[in-house]
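Shared between the two complexes below is chain A, which has chain B as its partner in the first and chain C in the second.
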Partner chain A sequence: MTATPPTAIAPSGELLSVGSRHTLERSDFPRFLAALGTAGYRVVGPIVRDGAIVYGEIHQESDLPIGWTDRQEAGTYRLERRNDDALFGYAVGPQSWKKYLFPSRERLWTAHRTDGSFRVDAEPTDGPAFVFLGVRACELAAIAIQDRVFRSGGDPGYAARRARTLRVAVQCGVAGGTCFCASMGTGPAVGGDHDLALTELLGEGRHRFLVEVGSPAGASVLHSVPLRPASAPDLGAAGAVVARTSASMGRSMDLHQIRDLLVETPEHPRWASVAERCLSCANCTMACPTCFCHSTEEVPDLTGEHVERWRRWDSCFHSAFTELHGSPVRKSTPSRYRQWMTHKLATWYDQFDRSGCVGCGRCITWCPVGIDLTEEVAAIRAMPGVRTAAGGTGG
Partner chain B sequence: MGANGEPPGPPGIDRPPGIVPVPFEVRSRTGETADTVTLDLAPRERRGPLSFRPGQFNMLYVYGVGEAAISISGDPAAPDRYLHTVRAAGKVSLALSEAAPGGVVGVRGPYGTGWPVRESAGRDVVLVAGGLGLPPLRPALYEILRERSKYGRVELIYGAKTPKDLVYYAEIQGWRQRSDLRFQTTVDTAGRDWYGDVGLVTARLPDVRIEPANTVAFLCGPEIMMKLTAKALVARGVPADAIWLSMERNMKCAVGLCGHCQFGPSFVCRHGPVFRYREIAPFLAVREV
Partner chain C sequence: MTAAARPKLGIFKFASCDGCQLTLLDCEDELLPVADRVEIADFREASSAVLDGPYDLALVEGSITTPGDAERIQAIRANARHLVTIGACATAGGIQALRNFADVREYTRVVYARPEYIRTVATSTAIGDHVPVDFELRGCPIQKGQLLEVITAFLGHRTPNVPTESVCVECKRRGTVCVLVARGTPCLGPVTQAGCGALCPSFDRGCYGCFGPQDSPNAPSLRGKLLELGMDPPAVHRIYRTFNANAPSFRAAAGATDVPAGGGP
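On to the complex of A and B.
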């Protein structure tokens, strides 16, 4: 990315400073998309594919899920028609932005045989600069979490991809049936950490967007976009959108002392009960925007002259994940579900100083048997009498 | 540091090296048992001097096969003998154990925490090794013996399945001769040609002559062995703060990123492999953590 000026001027002559707010007419949205392309970005965002809203390349506005919404419940996801032409009138789909920042398969290095030895070349970290169009508040939080994880491990590929990315957030106009970001403190309002934030306004017969500038990089792509200063009614309407979404959250999670609650109850009967339903299929970990576990593979070519080291997403629900001397440490499904949920909601605090959950609800929606972690936590909380010494003092 | 001093803390965690293996030449391969060898590795291209702390491990790489976590088993004061004792257990360790002198293996590391050896000066030291738990403890023993006068009594208990599974056999004979080190060896099963002890390492514990409140213990071996040994030591009066264990888990990245080695809130590769017993005891008590 080239250096960006601290401020930029829109065609209207308006000052595009960080924190400034403007109105973009729906009819000018194609010019906004074009401006992102002109700035050298590849725009990726929501598209309809295979009956779901997933993330893919956006070439023109008709690629967006215009007029679609999603109906979500535990184990259920259905696309439905809205009674308007909203561009971003859905909650979140099965995919998250980690597919771009932490690809499901990635080459780490290549080795070549040399006389009697070998040479290893680390994978170059160059690649396209993406605009993530339509990042939800919970997804900004998830990206911030993965930033912390991959920074702690010193991952140059992730850092390079992340530095090239421009995040265009969109405030949620609807809450999904499995959403609980409000109780996790990660949404629904975008709370900074974005380059641009859009609020889609559909009322009063006028389709328009409120555009908030979050960074100099965000401001710099708006040069050629026709914007007006945001009016007081538009600002009010935008605030109402977020407030309405917040009030219609499908679920909630009680975070009170949740770290100790889970770490101290490894023998709770609920783990066996959830495991009777859990298929150990790993769907929740694939759909989760913060799950980072992966494995590595050695891939030699047929001649043996070249070898590649790949990493791919892995899951704590797989038996091979903990294999040690020929058998897994976590043999049983209760132990795997306990590991996943305890890590996500409890020991993540020990490791990264915050929860690993952002309340997006994907693990609930995409669980084939509809296991709901908010319900599981509530069940453990309702009967916490089986606490063990874990988390207390040993000896 | 004395009986009333704070228990020693772990050596600091350094920033981990990168994930790309560096070619090292196999300088020698010494057979230890039927399935275990010790490799001495030397860098193909001299970079900085080698250094490691006792208890740390490297990721060893066999071209076209893969990587395995192997502890460094040489003397930290003579790191140019870069020793790694490997048992042929899986695909990678089998290939490593077959690496011929002159061959090349990849190395990245060293990783992890180490035994708090210097921090334990002034105390009695009990080392308990089970099976291939002796190689990760040997660097600590070297460090203690080099400055032997700084420590109180030093006791080493080494258990193996059979006499044929004892590693460092020749060196053990030397340790047995020393008057400043009490060395007990025990095996699970033996023939009539074995004159030593038969039984678990915990059966040898009541015999160690230590002042429990001023003792530090380093344990390395199968988890159940370490758990029972730690409990026995605590029962004897050794503080749970002064007992250290080296944990083993599936490892892929060694930099706390792949998630495989998680044990409760810890990444064994970064926060371990050497842990204070008091900190992990609650998790050791739970099955399948």
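On to the complex of A and C.
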């Protein structure tokens, strides 16, 4: 969408090559935001709304959650004031970027009855080009997972939206109480697969950002942005931010042989125990940035002459979602919770060669009764003897 | 289906506030297409013209609270090819089902000057407790999009697409921040069926359970959370004793604590 010059050069004369690192002063951040707008992007990023940091349109820097952070534990989330003016001083909120790339409701096509036949009109795939501002490492990993599902799966709407999106990552300066990306190997350091990566530096009385160029498209928006070459102390400070965040994760997940552990324990008593607490409300799957389950439905009008096909977020926690031949195959909550967790943490490896969990902690924070999958795995691991010889995930 | 043989739609009222059948009038833009497709044979909120049955589709609002109504619903069922209940009264007994947990004779003595003129039964019960029902549409009141879906589905000889998932799913789809997790507001969303579009949480209030229990409600687990959020047991009891008080899982969720005689929710 934006043309990339062969060599992008910052106003300072600096070469903006992929992998190059620069320092952006806090006072120049508005110029960075303006440059994104000038490049033709619609900027979406963190905003404070309804007692949480959610994703919405950013028109100016005051839209950002300046000086806010979040306190998260299993089943609770509270906004709190920081004692500084950090722009990205929070963990992740209730929403993820999937709301833009994989919208909760989307029309896929429309059909009309014609003389003796019918005509299908595909849904246009054009739309705004977004900048995702403030994408965390775990969220980059989540987008990569949904890319695998939808882009590789040939979904034209997703592929078009994704191709138009510029991702400005932020390396986390704080870990939430339910974060465990460090143990999942997905963060908090941004490890490629971004267009730009920022690290917010607040120390030594100077508020600034380390900017790493991740792609030519990322470089192309920096032409008009005042940057300096990153100094060794700034590079060191950015490394320290990531190390500190990594060391303060609220949770951790032991991945040792996790696939076999879960696949071989379909009759573990813990499934029944978690189901006593599980509300079958599907909040975990809706908040999860990788959960991609959906239903498609035909919506006819009253005349029967026109019909629309819509796709909406659905969940393996709904018995109707498991319906085959008029009857659900997973009738009970234990079977549905087991399906979700076993798929997410175990059989996902068989399907997609990696875990379906990125360690963002949303399913823990946003579970109304605070069910914690790291705790559930630990409980099953503590009693691994309860296995069946046959293996398999059961029904 | 040709215009010459439009299916007959009858709308029938039992103990209720009329709000659900008025949802049909509230359809406004869609009302004329509906009237084109069906012959509205009995809709006293809209017209005094009454056509005889049999009806292809009977929409029934309200609960059974009198001996006469218990007979009338049998006649309607016998005269209707498909019978769909609309709203919490017809589907679960409504707010008036609070009588099921109290002494109706005492109520009538308190309310009426001449209680001996009142012919009523001890309970308010759902239509489904009296006759077979082809589909139950939830809500207090019902949601007009779902009503149109039910009518369209019966015209098209298919099952209505009315999800039985939780209200939470609607909050998440519309991007509403969870009031229970982010504010500590008691909310029945996790045990309540979707359909309203998660109206109350979008105005920063907890769900009141107007659409009754979702497909797999776990009220005992939510109870623990409601108590943790500061509700006392009588308050948890009262939050379930509203429009769907007599829906089995809400009835159970209200627990053993009983409303003191003469005291409603």
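Please note the rule applied: the second predicted complex is superposed on the first by the 383 of 395 C-alpha atoms of A that agree within 3 Å, B and C clash if a C-alpha of one lies under 4 Å from a C-alpha of the other, contacts with A are read in each partner's own complex, and residues count from 1 in each chain.
One rule holds for everything that comes next: contacts are C-beta pairs under 8 Å (C-beta built on N, C-alpha and C of every residue); 3 or more make two chains touch, one makes a residue touch a chain.
Owing to the predicted nature of the structure, the values given are computational and were not obtained by experimental measurement.
In the superposition on chain A, A:363 makes contact with neither chain B nor chain C.
When the two structures are aligned on the shared chain, A:241 is found in touch with neither chain B nor chain C. Once the two complexes are overlaid on the shared chain, A:77 sits against chain C while remaining clear of chain B. Contacts of A:201 after superposition on the shared chain: neither chain B nor chain C is touched. Once the two complexes are laid over each other on the shared chain, residue contacts for A:300 go to chain B and to chain C alike. In the superposition on chain A, contact is made by A:329 with chain B only, not with chain C. Of the two partner chains placed around the shared chain by superposition, chain C is the only one that A:94 touches, whereas chain B remains out of contact. After overlaying the two complexes on the shared chain, residue contacts for A:149 are found with chain B alone; chain C is out of touch. Of the two partner chains placed by the overlay, only chain C lies in contact with A:278; chain B stays clear of it. Residues 300, 304, 314 of chain A touch chain B in one complex and chain C in the other. Of all residues in chain C, only 30, 33-34, 36-37, 148, 151-152, 155-156, 161, 163-166, 168-169, 172-178, 180-184, 187, 189-191, 204, 214-218, 220-222, 224-225 touch chain A in the complex they form.
Across the complex, chain B meets chain A through its residues 15-16, 18-23, 25, 44, 63-67, 89-90, 102, 104, 106, 234, 239-240, 248-250, 252-253, 255-260, 262, 264-267, 277-289. On the side of chain A, the complex with chain B involves touching residues 108-109, 111, 113, 116-120, 122, 149-150, 152-155, 263, 266-267, 292-296, 298, 300, 304, 307, 311, 314, 316, 321-326, 329-332, 335, 339, 343, 347, 350-351, 388-395.
By the touch criterion stated above, chain A contacts chain C in their complex at residues 49-52, 54, 75-79, 94-95, 99, 104-105, 276-283, 286-287, 297, 299-304, 312-315, 317-320, 333, 365-366, 368-369.
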